[in-house]
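Note that subunit A is present in both complexes that follow, paired respectively with subunit B and with subunit C.
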Partner chain A sequence: MEGRMEGTGGLGALATIAYRNIWRNGRRTALCVVAVAIAVFFNIFMQSWIDGMMDSIEEVVRTFETGHVNVVSSGFEAEREYCPVQYPIAEGRSADELADEIEALPGVRAALPRITAYATLFDSTVKHALLWGVRPARELAINHWNLTDRDDGLVAGRFPGEGANECAIGAALARKTGLGIGDKLPLKTVSAQFSDKYWSPTIVGVFEFDYARYDEGVILVSFERLGRILGLGGATQQLFVYAEEAGRSAELRDEVARLLGPGHVVREWADNYWVAVMRQSSFLYVIVFAVFQVVASFLIVNTVLMVIHERIKEIGMMGALGMTRREIVLVFFFEALILSVIGALAGCLLGGLVTKVGSLFPIDTEVFTGGGMKDLPFSGTIFIAFSPANIARGFAFGVAVSAACTILPSLKSAFVEPVEALRR
Partner chain B sequence: MKVVETAGLSKDYSLNGITVSALRGVSLAFESGEFAAVAGPSGSGKSTFLHLVGCLDAPSAGSVSIAGTDVASLSRRELALLRRGSIGFVFQAYNLIPVLSAAENVSLPLTLLGVPAAEARERAGRALEEVGLAELGKRRPKEMSGGQQQRVAIARALVKKPALILADEPTANLDSKTGREILELMLALNRSEGTTFIFSTHDAMVMEYARRLVLLRDGLVETERTR
Partner chain C sequence: MRTKYFRAALAALALASAGAAAAAAPSAASLLERVDANEVYASISYEGEMVIEYQGKRYVKTFAASAKGSANSYVEFTNPEDRGTKYLKKEGRLYVYSPDAEEVMLISGHLLKESMMGSDLSYEDTIDNETLSARYVPTLAGEEEAGGRRAWVLDLAAKRRTESYPRQKLWIDAETGDLLRYELYALSGAKLKEYRLIKAEPIGDRRFPVEGEMRDLLRKGSRTVFKMRKVVLDAPIPDSLFSMKSLER
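Moving on to the complex of A and B:
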């Protein structure tokens, strides 16, 4: 910077003085930079962690809970917690017919019928499980079931064949029940006609989706077989519609709702309770980040107040030279701003590096949750989301908050009377 | 032409509830090109007089006119701009900006006035040459002696060619040899540039150099003589 001041004009001269002033006390500058850097790093890391968690929740919700657009009958919706099977979608119409009609809509990738029903297990320490009637081949053409390894999640055997008297169970359920491939799984469920149905499918596969709720409590069976047992007569209890682009979900929801008419509940995945809760909490995170940034900025605020006190004679001299109050304030404000920018840049560099590395390796959430968040629809492992936008936001947020915090203390310099300052 | 004119200039300070009069109705006029000293013992009001004339402080009573402008009517910002354009200051403690080189310190007033960079650099170089420091433009204040720093301060005051340079005890921090050199320099610049110098002092050697001497005592003009 030496020798370049003249080439920068009035504001440039003030900025040059400010820039050189920050090196007058290296230790104090380092402390300020480190404080801002830590805050910016924390904010970027936390935002990336939350984004990773959000991505996981949203993907789990889209894969297992709703699809991009979820279709059920109004009757099912009213008693959803019991997974009733007596309220099929568009009663009297087959699942395939409905799926074909929806898949004919522009932008629809697939419409997958699914049935879920509660089952009571016999001869087992585990008494209850959820029957999940799906068509594995079609499902796996659209989704990965293991979201960590991004595969079908099968750890042994195979998935049940179409219409076969077979099932696959989660690895955790297999461990708890002590059952394995080749064993029978005797169970009872209730049909659409409210009659008890006793069934004993053979276990042909063990899966691990890395989604605790499914790994511990789901029996995966053929959609056709389960529909027959429950007396659905080819109809389906739920339809999971997948769009070509997830961003078109809302539009697709409206089209599907129009197609099916009244008596149905058609929802977009973003309406899921957990997704909505997480999204609505975003502003709370902003508050937490702001508090952290403000606390870090106190160090700069303190520095500005100290340097104004230390350089009181210089302020007087600047006034004597004919610098206006605004120009004197700008010298101190620029000094704080430069400290904020250097700190924020350091924080971004560190944040970018750590989140990039973090995004490459799955993080086992059980380490942090102790396995106590099984009801939350997220995968057992999450990936930190590396996002240049997060880094840019972290930088802008760090600089803006720190700079805003230093405006007031910088203004203190405007109230120093040159004549008083020169007398010191 | 009158560069400075004061009429009934008074300044009172309140110290612990007691009002102290630093100046009590001083009326003086300084013509363009004067080389004047305001002298007097400590507490006589000479620094207060310089601060009021330099528009750094407001009088309790009376008026100050700079080049015909009554400064009482000016806003704080206008006063700053008046100082920027028309008044140069030389302080006892030099008061250079420590993070700027000598050349940058000298060019700063020009930069503030909006003089283009190349011209400011060139004029600053010439001003440093006039004070005998052409080779030291890149040095920072801490790398220079007291006398050299005061020369830089003089160059900084002079570079914008102000109507008036106010020097508050400019030799007080210097040894007598360096002090004499500084006075010779100021006198030479006064002669060559025609710049008006008003300086405060209580040093007899400095008073010798003044063509006009105003002696203050207890806030009043005690004697005034012109050589």
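Moving on to the complex of A and C:
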């Protein structure tokens, strides 16, 4: 054995011995491999799930809440939760003029004006809703409104025409109110001059964006018509700027802020509260995954300790034949490492397969949330993110944590005295 | 015909709630009857102004208002932003015509609790038909100074559970009978709104509140000042004014 080790340069021979040793007890080996595989699979699956959820939140935020860069006036920002309309951007300047100016900046794909305002409905079932003044044709050239089907989200009829006395409502809102295409939707809103404005648009479309907040509580209307009713005089309450590359958002934010000057709040999508919360939580997930991996590794730790105990005479003989303590430790460490690698590979295979299949089919989040997270900006269905990088990370993480956990028990073999061991 | 004058804008109701009262120590019921009596007119027409201060901004709304009997009133807003918006109160129901809707709409249910034209008054505040005496049980709570005047304090407890404000507190000028101040309370005891008389003028044989301030305490930093000009009392007003046709005209 010693001669072969010397001949092969040591590590290779030790690895070969370790590899042969793991098949001496197939059941125990299988248990170790399964434990590591489950941990690695869990980590890959959960990471892919979280990535899918984050992708969903980020996409919803970019589409509905902020754009890549969001522009509002300081007055609006101070009262944001009330969606005030009396604080337009760059008061006195038209929305189109501003949009043109921002679109002239390099890297800007579009600057879309939007208005949101609260409405009190005459309906006694649903008393309040949010008026969403947009230009559907321009919006849909940039965004998919239904993030699951990746289309305009229209399930019946059409979107309101520019300036028309029309509206489209969410499918859930239509169900609750019992209203449909052709019905009037009488409502009251408050204008920029703080006047009650009564309006009765005709429903011309029903949409399902698969975003509960919008499907249940949004009335989509023409930007022009809503601006006129609210007395905005061609100005806009918010501007949603979309960049050619989302990665340039921070740079674009600074350029837009310089262009508009003081009195405005310009933010990039990554500043959104939920996006920031999710990103900050990533560190916690790593800790959770590490704990899970360590717990799974205890099985390997236990195996190594048992093996050392079982082979105590063998260790004594290895020492008597001239193997150094380092070499004996390495044999046991390699044994644990090989178990970790086989387990991690199995976990990666399973994780890759499941996440790939999961990425093809939407998952209804209501099944998990019970519909109680409607205020969070994520789509009603999410897709698990299939990512080779996640799989590679899962493998490396699984092997590294499991191997690290077996170093200490492997060292135990170094303290076995050959003579003492052979006497047992 | 004896009628109750409606408060403030549509709501001249709010302003007109002051009245002549006796200066001598009166009973709670007689004090409240005096307040009610001051609100009773055959008809009223005037030009009004609402100055609303909210969220650091100031909005001025002007309107022309007429009322006949306790059940009929008509208000047409004349400031540029609201021009064409008309309200009609007819037999306890409140209708609105908005140029944006181009149709007459009935304001009912939860909408009645909404702020009227952005002011500190709700629609509900403007359509009460019955006198305070009919709706509340008064108790004389003492004598206090209000706005530099000696005033009787009345505590009102609602007779019905459906009343918007289960409790009210009134300060009535001991000398002139003016309703100097009142507070409106929720069932929980929380103060919801408060009114303060700014100016009262003699019109005919009555003292008439021509300027008052209402604060909705649920709206932080908000107040609405009502001013009335060219007040004409008890002059004939054609019934046709209080019709759907007037709204749609």
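What we mean here is this: the second predicted complex is superposed on the first by the 414 of 424 C-alpha atoms of A that agree within 3 Å, B and C clash if a C-alpha of one lies under 4 Å from a C-alpha of the other, contacts with A are read in each partner's own complex, and residues count from 1 in each chain.
Just so it is clear, contacts are C-beta pairs under 8 Å (C-beta built on N, C-alpha and C of every residue); 3 or more make two chains touch, one makes a residue touch a chain.
This one's a predicted model, so the numbers in the text were calculated from it and none came from an experiment.
Annotation for the three-chain superposition on subunit A: subunit B and subunit C fit side by side. Judged by the touch definition given at the top, the superposed model places A:L321 against subunit B, while subunit C stays out of reach. Looking at the shared chain after the overlay, A:V34 reaches neither subunit B nor subunit C. Once the two complexes are laid over each other on the shared chain, residue contacts for A:K127 go to subunit C alone; subunit B is not touched. In the superposition on chain A, A:P84 contacts subunit C only, with no contact to subunit B. The vertex angle at subunit A, taken between the C-alpha centres of subunit B and subunit C once both structures are aligned on chain A, is 150 degrees to the nearest 10. Once the two complexes are overlaid on the shared chain, A:D196 sits against subunit C while remaining clear of subunit B.
By the touch criterion defined above, A:A290 reaches neither subunit B nor subunit C.
After superposition on the shared chain, subunit A has more residues touched by B, the comparison being subunit B against subunit C. Superposition on the common chain A brings subunit B within a closest Cα-Cα distance of 81 Å of subunit C. For subunit A in complex with subunit B, the touching residues are 2-3, 5-10, 13, 16-17, 20-21, 23-24, 313-314, 316-325, 327, 417-419, 422. Chain contact summary for the complex, subunit C toward subunit A: residues 52, 54-55, 57, 59, 61, 77, 81-82, 85, 96, 98, 100-101, 103, 105, 108-111, 114-118.
Residue ranges of subunit B in contact with subunit A, taken from their complex: 51, 54, 56-57, 76-77, 80-85, 87, 89, 91, 93, 95, 97-101, 103-104, 107-109, 111-112, 114, 117-118, 120-121, 124, 138, 156.
Contacts from subunit A toward subunit C in the complex involve residues 79, 84, 86, 120, 122, 124, 127, 186, 188, 190-191, 193-200, 229, 231.
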